[in-house]
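Below, each structure is written out as structure tokens.
Two complexes, one shared chain (chain A), two partners (chain B, chain C).
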Partner chain A sequence: MPSPNPSRRYPWFTAPLAALIFTGLLFGATAASAFTLEEFQFDSPIQEAEFRELIGKLRCLVCQNESLAGSQAELAQDLRNEVYRMMREGQSQDEILTFLVDRYGDFVLYDPPLKPSTYVLWFGPFVIIAIAAFFMIRSILSRKPAVDEDISESERERLRALLESDADTTPEAPTKP
Partner chain B sequence: MAKSKTVRYLTPLIVFAALVVLLVWGLGNDPRKVPSPLVGKPVPAFSLPALGDPNSTVSDTDLKGKISLVNVWASWCNSCRAEHQALMALSERPDFQIVGLNWKDEAADARRVLAMTGDPYDLNGYDPDNTVGIHWGVYGAPETFLVDRNGIIRHKHIGPIDAKVWEEDLEPLIAQLQAETGG
Partner chain C sequence: MIPELGHFALILALLLAVVQAIFPLAGSLARSGAAGGSGNRPWMAMARPLAYGQLTMLIVAFAALTQAFMTSDFSVLYVANHSNSLLPDIYKVSAVWGGHEGSLLLWVLMMAAWGAAVAAFSKNLPLPVVARVIAVQGMIAVGFLLFMLLTSNPFERIFPVPQEGRDLNPLLQDPGLAIHPPMLYMGYVGFSVAFSFAVAALLGGRLDAAWARWSRPWTTVAWVFLTIGIMLGSWWAYYELGWGGWWFWDPVENASLMPWLIGTALIHSLAVTEKRAAFKSWTVLLAICAFSLSLLGTFLVRSGVLTSVHAFATDPERGLFILLFLCIVVGGSLALYAWRAPEVSDGGRFSLLSRESALLGNNLLFVAFTVLVLFGTLAPLIYEAFNWGKISVGFPWFNKMFLALAPFLAILLGLGPATRWKRDEPARLIRSLWWALALSVAVLALSALPILGDGDLWVPVGLALAAWLLFSHAAIVRERVKNKGGLTHFGRAVLADLRGGGRSFYGMVTAHIGVAVFIVGVTMVSNYQLEEDVRMSPGDSHDIAAYRFEFLGAQQVPGPNYLAQRGEFKVYRGDREIARLFPEKRAYLGGGMPMTEAAIDPGLFRDIYVSLGEPVGNDGDWALRLYYKPFVRWIWLGAILMAIGGTLAVSDPRYRSARVRAGAKAGAGDKAPATA
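Now for the complex of A and B:
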């Protein structure tokens, strides 16, 4: 069957269906990440936001590329409960983070803290950029200007001869299509 | 001139070689083995019902005066079964005690496993809800802590104990601990 119109190559319902599936995936993903927080009750939206922020800062040690906020691992659930309990007791964010770092190490934080052992991590890239910039600038500055050498006398002679021989022929008019 | 040219051509090569060495070294590291900040610190205070007898307790005071291997285990944990044989062999040694931390487990299941396969533990604390595990920074089973006579955590091993781990890590450390406090 010929397809005169490119848009007719797919059935008419393709676009709405794709949109529907995409929306479904979007909401499905949201639902999955919110699912684990349902059991927690908060006094205020501010407290809930604080809790979300806190568990977003913490790493799940079982599935290491997930934060406590996103992980379905059982250990993540335990730690979420613990964070929740401490928060309800009125402990500050810093106190809760310190509690977990004391037990699980810095690794439990998603952002590595700034301290001597992590200086390389934090400043290394800038140092490398600075070194690269240094060498780049140095090589640009030390680049010798192109030598503007004059042509020699014999070359001048040849050039003159060429120009003269060229002058005999009529210049070609630009051709129009 | 020739020298500077050599340097110019060799530098990227050397940088590249250094990068390769760094990355190969990184590949050999196991990201699952997170170093414990508790090494060198006293064991966290705890008190748990004993697995075998809920009326008696296992606590941090049981770790004083003896060298202890504190082994985090569970009946659902396959690697724990893998190291069970090694623990059985070690349980016969008189120079240290093996204390179990039965972690996130069902008491009935845990007792059944010990009844069927043998019990290498001198003591066993029952921690179904990870209340003590959190304070020890436990994030999986099996994990094993080596605790000295003064109740200081000296080493943490993540994963099952096998002959290699025993010979290379634990045995020399235990020998060292024994020498430290003079038998």
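Now for the complex of A and C:
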């Protein structure tokens, strides 16, 4: 990390301008996020771990690709509070997830449950893998008139010829990639 | 004026690429064209100078763009969008590839560099092969240069000239990310060489062990670059994004992982083709796939069809062009494959228990991994396309899928190198590996005991698999050294072997040990990391895993082009102060989201990690995130070992023997037989 060096050729207005921007950002930030995770009080570390796991598996709906745990977006904060509230009310993980899925659809889940509509997701890859494996093994094992030696004699001859036939190039400084 | 020169150089590069794509190839196919010496020699001889010319033009263009950045020439639209006069000089250079247009320029520059390297280091290849390889490189270059000139010209001017540029994305103002894209691109583009060799072989109708010998070092070098590139990206995400993870299964991450997975399969299958002349057409297919997936990755990243946290520059119209290009490259090469591959005879029978079978298993698993990543990445698109609803596929899905297959790979990885080519005896294999197996079972038992009944068995399984890899490779090394007659002088025997033809062997061992190290890192950090979000006032202390964090408060500190809130922490273990940490929250003058700079006290066995959240209240309180991450460095250490292993393997004298013999330095490289 380069250490900050304040005295380097900036116009006079840089510092006040920056201070202004920063205060604005901070105010904006504090205004937007009265939340801190510390506000969430838990009865036990297990409950806290459960909460953390839960918000880690939920998608922030307005973000590009972030979990509720990672996002600073306002909606994510609201949802975090919502999940926390429901947990405090004693609802189980499943109840909370059902509620969120009813409201936002499967999109909110990073871990889609196994059900008919997700069979493709959970089993599709294995079908493709099986097909690929079939063709691959066939392509490798089915060979033409089998040559039962490591390299056929003619190939060995040609390989030797090729590796030694530098006739058409003038040798230069030996270098390697 | 200079930007126009750069633009002109790009156009010249395109024209050269067109010539490069046509004449050497036509020359090599003229008349019989199959064996060296026939064909139109003058046309084929154009290949090398054209490759050098291509590189020269692109260096000129790249230098012109760099100059525009260094002088902050905001009349160039791309510079105005990605730089700022306050930007530190080092980031002005890395800003050249900080956006879409510039990263494309970097891509074509690297591609030309690889082409020129092929031209320079291929003195022992027959001219028609060189001509074809460079011509195929030229074809790909035509696609990319057209794409740049038509849709994403980095030299476009803007009028009126803005007083000040927008800033470079603050996420990218970081040393890790300055070198991450070049490394990644070196890997992506490097696979184009493997691709070109494969297509050239198909065009020439000659696929043999010699072909594998030629393309193997190139492929390995590309793979090494890609490994380092991905590792840097993971490391950067870990310390820069402030969320403490090292992999999120984000589409953009997946885009770089897919070519790596197929590339890994490819370097293994090339080994079979070189040594045993088997797997030939399959290897060609893998080479085509590796580069196609690199292109697909580019398409996914650049087009914005997938939402990703990393999508820095996206544009659907450009996506269409890349998609079209992708179809031409993939379709064309696969059609050529379908046409030519059936003529290839695959030699070399092998029994069920043999090195070939093990490598077949390796290829099968890596292809399976690639299918998983591809499927998981595209599943949301598939679901939307078929109106099956909107779904998210995230880390839980990928983790489950990978964990289902990974143990098989690890077990096979210990077995494979110990087996012999062609056929092996089960009894012999057991004789050489039984103690490695016994030791890893012991590790399994020892690490399972303390957590028995806890339910989570991944820790003992992970550690036992890592131990299995370590010990089985120790057994393999022991066997090799014994066969060379040197168990009593172990160190000296290994050194002598390293000087001789043993480098690719020890490279393999190093890379595989890297996998073991990686497994340990992943296992430990996923199961034992601690994370806490706390609110702290200046003077507060908080304990986490035997470490005490004392918060001394945060204050404002100006940076070159940002203002930072910088927190100060003392970390104690017991009563001893072991580190002072300074996490920052930066607001860049160019605007945008404030950035979190985590502070990390790294260690081989644990990282201590603090990131600043938000200020709370008016008394200088902050919301903070504290992490304890055991063994997290091992993840990247493993990747570094893999890269070192690859480098060691490439330096094997056997790849140079023919040249050395023909060249000035006679004698040194003769140990490795030319037909190994």
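As a convention for this text, the second predicted complex is superposed on the first by the 106 of 177 C-alpha atoms of A that agree within 3 Å, B and C clash if a C-alpha of one lies under 4 Å from a C-alpha of the other, contacts with A are read in each partner's own complex, and residues count from 1 in each chain.
The rule is simple: a residue touches a chain if its C-beta (ideal position, glycine included) is under 8 Å from a C-beta of that chain, and two chains touch if they have at least 3 such contacts.
The structure displayed is predicted, hence computed values, not measured ones.
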Which of chain B and chain C A:136 touches, first, second, both or neither: second
Which superposed partner A:128 touches (first chain B, second chain C, both, neither): second
Chain B versus chain C as contact partner of A:79, first or second or both or neither: first
Contacts of A:107 with chain B and chain C, given as first, second, both or neither: both
Chain A: partner with more touched residues, chain B or chain C: C
Which superposed partner A:62 touches (first chain B, second chain C, both, neither): first
Partner chain in contact with A:70 - chain B first, chain C second, else both or neither: second
Contacts of A:98 with chain B and chain C, given as first, second, both or neither: neither
Chain B and chain C contact sites that coincide on chain A, given as residue numbers: 64, 105-107
Parts of chain B lying in touch with chain A, wherever the complex brings them together: 31-32, 34-38, 44, 104, 129-130, 133-137, 139-140
Partner chain C, residues of chain A touching it in the complex: 1-2, 4-6, 8, 10, 14-15, 17-19, 21-22, 25-26, 29-30, 33, 36-39, 52, 57, 59, 63-67, 69-70, 105-112, 117-118, 120-121, 124-125, 128-129, 132-133, 136-137, 139-140, 142-152, 155-156, 158-160, 162-166, 168-169, 171-177
Touching residues (chain side chain C, partner chain A) in the complex: 36-37, 86, 88, 117, 120-121, 123-127, 208-210, 213, 217-218, 221, 243, 248, 250-251, 275-279, 281-282, 285, 307-309, 311, 345-349, 360, 363-364, 367-368, 371-372, 375-376, 379, 382-383, 388-397, 401, 421-422, 531, 533-535, 556-560, 562-565, 587, 589, 591, 594, 597, 613-616, 623, 625, 650-651, 655-665, 674-675
Chain A residues within the chain B interface of the complex: 61-62, 64, 74-75, 78-79, 82, 101-107
